[in-house]
Amino acid sequence: MSKRRKFNGLWWSKKFFIAWVLVALLAPILANKKAIIVQDESGILFFPRVISAESKVLLSAPVPYDASTLDLDNSNAVGPFEKQQINSIYYRHWLGTDGLGRDVLANLIHGSKTALFVGFGAMGIAAIIGVFLGSIAAYYGDHKITFSRSRLILLIILLIVFLTIQFYAIPWDIGSVDLGLKLGLFVSITSLFLLMLFLINYFMTKLEINNNVQQKSKGLKLPVDLIIGRIIEVMDALPLLFIIIALSAIFSPSIKSVIVIIGISSWAGIARYTRAETLKIKELEYIEGANALGFPAFKTIWSHILPNAISPVLVSLSFGIAAAILIEATLSFIGMGLSTEEASWGKLIAEARVNYGAWWLAIFPGLAIFFAVLSCNIFGDRYLKSTE
Amino acid sequence: MFGTQKLFELNNTYFRIAYLLSIFLFSCVPAEKKQNTNEPINIHASSDAATLNPVAARDELSFIISMQLYQTLTAIDFNTEVLVGVIATSAPKLSTDSLNNLLISYEIRPEASFDDGTSITAKDVAFSLKLNVCPLINNVGGANYYGFIKEIVYRESDPLKISFKCEKAGPIYPYFSGDFAILPSHIYDPQNSLAKFSYKALLENDSLQYNPEIIKYAQEFNAEKYASDPNFINGSGAYQLKAWNRNKNILIERKKEWWGEKLDNKNTFFITNAPSLNYEIINDQTTAMVALKSGKIDFLRSIPPKDYLALQKSASSINLRTTSINEFGYQSIGFNLNNPLLNELALRKSIAYLTPKKKIIDKIYYGQAIPTNVPLSPQRKDLIDSTLNEYEYNIEKSKQLLKEANWQDKDNNGVLEKMIGGKIVECKLTYHYNSGNKEREAVGLILKDELKKVGIELEVIGIEWSVYLQKLRAGEMQIFFNGTSSLPIPPDFKSSFHSASANGGRNYANYKNQVSDSLIEVIKTSMDPEVRKTAIKAFQNQLNQDLPYVFLLTTKEQIAYSSKLNEVPTYSVRPNFWPPELSWK
Amino acid sequence: MALYLLKRILLFIPSLLGLSLIFFFLSTISPGDPVLNRLESSIIGEGAASSMEEIEQLKALRIQLGLNKPLFYFKVHRKTLSDTAYKIPSKQLRENLNDLSYQLGSWELVNEYYKHWKQSTKKADLSSKELVFLNELIQISSVKLLKEKVRGNQSDRFSNLEKKILAFEAKEWSLENYLPRFHWNGLNNQYHQWIFGLFRGDLGKSYIDSSPVNIKVSTALKTTTLLSLISILLAFLIGIPLAIYAANQTNSLVEKFISTLLYCFYALPTFWVATLLIIALGGGDYLSWFPSYGLGDTSDSDSIWEAIQIKTSHLVLPIFCLTYGSIAIVYKQLKNALNKELQSEYVLTAKAKGLSKQTVLVRHAFKNAAFPLVTLAGRAFPAIVSGSFIVEFIFSINGIGKLTLDSFLARDFPVIFAIVMLASFMTLLGVLLADIIYQLLDPRINLQKSH
């Protein structure tokens, strides 16, 4: 009995998830004010920009509204069962409208796109940062990277020169200088720096080999783990919403900014997971063997450690997607994050606060968020159980 | 009960506590209290006052409450909209001296006194005005505002008479010169620190900001206690601060003994019906509405038009009364003329013809607004030229204008193009509003729909208030929404339309026109109402031709209050009601 | 142990300093100007101020708020940039002048030009045409256009200024533009004043209303602490017995029901639940069971019982919204841990000895399974602040969350800094405390090694 029930949960979340992805990807076909396929004298057109009077509409969207289409005849939040001012049943607002006559169904459809992109986009960014930092911290630890003193001094000098040039010589703040020139300068200076770094490294190694310097025993240790640990600690120490609100004050509102903001502020958990996993795997014999054989560090991390550390990361990813969707909805709810014409489930619920008789503005998007978050959580739990 | 019996078998104290707590919590529904006529009347305020130090008060709630704690020489009577005396016996008398300086003379009421019984004298008035121009004192923009006064004239032997000498004449000076709060100099400045400096020196001598005595005094006067401590707030007003819980409420109470009560001939500013007023701060409009319905607050204004109409229907059944009144001010859509596209008059005109004022008023403001096409409140019928082009919605005219200006959609992508400076430019514009303002957002979306019909693409962008302000000043916007509220005083268009205020000032449209500039100067300086009237009408015509703004409408203020209160008189002048006039039935 | 504690506490310092630097940096690059914000909130806007008069007002305000000081201890910048540029009150002006100095390859020339310009604006009896000329002049950020403008001017009252401009020569390329310059600002800078104020316990003044930040933050903190304490306590009080019950009765119908319900709770967005509750129960169009905003005012005349009643009725909805999600977390963590413990050997032995499952659960298994809860409690603070933020927003409660949002929107940086530092310090402390309690509970754990 119990097993079947649990199985059902997973089955339903899979079904929901597929439906969600389909709706999100097909959003422009499902809800669009304009006709999708049109025939005119020049032939058949898909998604035409201008529709002339002579052309024939072959296919139009099932929901004839965009997310931001105003239907002022049905403004002031008309409910799904109320009488609507429409020409034909085709134009009916099946889930009602909001205060400005925007169609709730169209907003739900386009909102699912936003939720999907934010969830996966943000977690993609977070995963890249988190896995990179976490694996490096664990693999190198506090003792593995050492520098001979001369090498360190050279490196620091180079770094300072590079940073000063990068931030103060390139006229980022000068409006009259072309952006292309600024970027060109940036790229050329960076590549020059990398070239210098490579050359210095090459000659120093040669020099040290010639002089028979035992660089491993002498020199200074770079406490990679300690430094990255501090960064993770700082990220953990701040309530997530602080960072997100602070960052949304800097970025201009758009879905891209939301993805970046959530991505760069929620990688700490993934980094911690990856670090712990990598530490475990590092102790395994075959990794030590690979080390002894002198495999390059990145190759070892990439081809041996990460594939094994990936499943716990996937667990925190699926929970992370759920969290990202919630954060996006919350931000939209308080009127931050997205631009005016981007649809979001959170925005619909915010409309419900202004039109308080309109239950349809709260119930439908609320359920959409609930099921999206629930299905991601169920996937996460499944993964968690399978890894244990 | 049987279900819980089973749970108790767990023998777990946690459970008992949780169970008891839940019973306790759900049994606590707030008890209704009986109405007592001495109870404070709860008035909604949407954001907290910044300070109750009248010199520093700049935001609306600070101003409203300051008006009840302190008094000014004169004030504009809400009802008659003319200047009346408060501490002064009447509106000031104007005269010119031999050097053609304007003299504004006040006579102080002999009865007027502070709470400790000291009479209000010219010394206090001079002290209070000095505070407003003194460097380092928290008096944002005071030196600019009162800078037209060059000298204070009074004699110790005649302490009830005081005049202000101005170099230039201006019709608004009599209004400005009496609108600062009068503070008791013997309490706020017992050492007579400010008396050592002349008014002229404080106003004009920049180096005084390094004077140690000024630094010391400014520090003392700016102190938090004068801004919020009931024991240190000393005004001659009818009310007294009782308590201020930041971001929660401000409670003021009628004084037991007050000089104004003994007066025979009382104007609005001597009415003290309310025994005690509690300004309840609720930032969120939705929450405030719920609080009104459940009787937590008794008076709510700035209700969104839609909620107001819904409330009107059900008002009597939930013991509420509603009323609305035309506000003083206007809302407009501005064009940044520094933008190469919008600099073209034909484009501005065609956008004006596409602005559906009627639709905006009906659908967004639910009929709670009056259309306008001048930068003046519709109440001032005598000043408004009724022959102006109203730019009534006309899509054909708009198309024709664009065609004449060579805007064409040659590549058939739905957006017009034109050759400007050797480059093909598409007609794509942006509309900015401060996010969170539903009406402004809706105006943008409606405008977007309309402009699309002729091939102009408009992007509607909401940005945070502080960024909005910055962009507005820096001229980084193209089309924007702008709201202005004004007072029933002689209009002054200098800050919004003069070219000296462009590029960084409040002339957000960056409108520069020499004819307008000279008209604005006449309106600002002429003392002859007829000359001003002609100039104002000519100025309106100029604006109507140049179209730096499309003037849209003037909103109504929607008010609802508990029917336990007597009928509340409402006024066009902000704050649209006079709190001391509220009273329990 | 003492050495370990000292090390951990010392490690707080770089974390907190790093944080303070990050937020300070963010504050300098975020768009929006707190000073402009305050000037604009003034309702005497119609006071006939021209652009230049407004610049003077901005300057006065900046001095009052201490924003006329340099930002940081030192500044490294392009050699052609003025090191006193921060004294220019308007951001736009600063950018224009920077542009000019870049084109000229020298900031001294621009500095002189700006000085002359300022003197010209202070001349008595400027006609409005002359004012317009000066105003437009300073807006120009290109040397070429500047010269054109000067040549087109008829008035001869600014000959000094005009000579300066006509002597300008724009350079195509100048090496100086690519050289850095280091400038030491001394201790009288904004960051120093603020961070040392923090050590002295003086957090400065709010940009919005010049009121002390200490008072603002401490009042808000009291409210949020009340909310979070109650909700953490409730989450544990309800979550723990439920988890024990569930572990005891695995696979029973009731357990299934509780598990599913709590699982769903966890996925319910707080702001949605809060919105629904306030509409349905807050006295709007439907039921009027609970007050919908604030935490309730109690006056001195109220009896204690009345005061408690008022407070509780206000607390019910917000506390519910804060708590329902956390109950699910506590429940899940503890249940999983208990189920693991129940499979361990000593439990099986104890059971074999004849102890009832319930006794074993409460006496033995719970002790060992409680570890994740300790961590949870340690990390609860940031979670609660994040959570309470939306609840405070919806229920109009003046706690830390709402204060943070308002301060961010108004760019009230002194308040934001204070809150950020406070929140992060408390979190770090919470984690440390959790680790210590961990060790006290179970001496087998060696913190020094595991960390």
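Read from first to last, the chains carry the letters A, B and C; within each, the first residue is number 1.
Note that in this section a contact is a pair of C-beta atoms (placed from the backbone, for glycine too) under 8 Å apart; a residue touches a chain by one contact, two chains touch by 3 or more.
Quick caveat: nothing in here was measured; it's all calculated off a predicted structure.
A.B. asks: I'd like the most central chain, judged by C-alpha centroids against the all-protein C-alpha centroid.
C.D. replies: Most central by this criterion: C.
A.B. asks: Ranking chain pairs by contacts, what comes out on top?
C.D. replies: B-C
A.B. asks: Let me have the rounded angstrom distance from the C-alpha centre of subunit B over to the C-alpha centre of subunit C, please.
C.D. replies: For subunit B versus subunit C, the centre distance works out to 29 Å.
A.B. asks: If you average the CA atoms of subunit A and of subunit B, how far apart do the two points sit, in angstrom?
C.D. replies: 43
A.B. asks: Measure off the straight-line distance from the CA centroid of subunit A to the CA centroid of subunit C, and report it in whole Å.
C.D. replies: Measuring from centre to centre gives 22 Å for this pair.
A.B. asks: Got the subunit A residues that touch at least 2 other chains?
C.D. replies: 249, 353, 356-357
A.B. asks: Going by the contact rule already set, what residues in subunit B reach two or more other chains?
C.D. replies: Residues 286, 464 of subunit B each touch two or more of the other chains.
A.B. asks: Two or more other chains touching the same residue: where does that happen in subunit C?
C.D. replies: In subunit C, 31-32, 284, 393, 411 touch at least two other chains.
A.B. asks: Subunit C touches which residues of subunit A in the complex?
C.D. replies: Checking each residue of subunit A against subunit C gives 2, 5, 164-165, 167-169, 171, 173-177, 230, 233-234, 236-242, 245-247, 249-250, 322, 326, 329-330, 333-334, 346, 349, 352-353, 356-357, 362, 366, 369-370, 373-374, 377.
A.B. asks: Give the list of subunit A residues in touch with subunit B in this complex.
C.D. replies: Checking each residue of subunit A against subunit B gives 49-50, 68, 70, 72, 75-76, 99-100, 249, 252-253, 335-336, 339-341, 353-357.
A.B. asks: If we count contacts the way the header does, which residues on subunit B are in touch with subunit A in the complex?
C.D. replies: 286, 304, 306, 310, 359, 363-364, 366, 409, 412-414, 435-436, 438, 441-442, 444-446, 449, 459-464
A.B. asks: Would you tell me which residues of subunit C are touching subunit B in their complex?
C.D. replies: 31-34, 36-57, 60-61, 63-64, 90-93, 128-129, 131-132, 135-136, 139, 208-212, 215-216, 219, 234, 237-238, 240-241, 244-245, 248, 278, 282-284, 288-294, 297, 306, 308-310, 312-313, 316, 358, 362, 393-396, 398, 406, 409-411
A.B. asks: Taking the complex as given, what residues does subunit C use to touch subunit A?
C.D. replies: Within the complex, subunit C contacts subunit A at residues 11, 14-15, 18-19, 22-23, 26, 29-32, 76-78, 95, 98-99, 102-103, 141-142, 177-180, 251, 256, 263-264, 266-272, 275-276, 279, 284-285, 379, 382-383, 385-386, 389-390, 393, 401, 404-405, 408, 411, 416, 419-420, 423-424, 427-428, 431.
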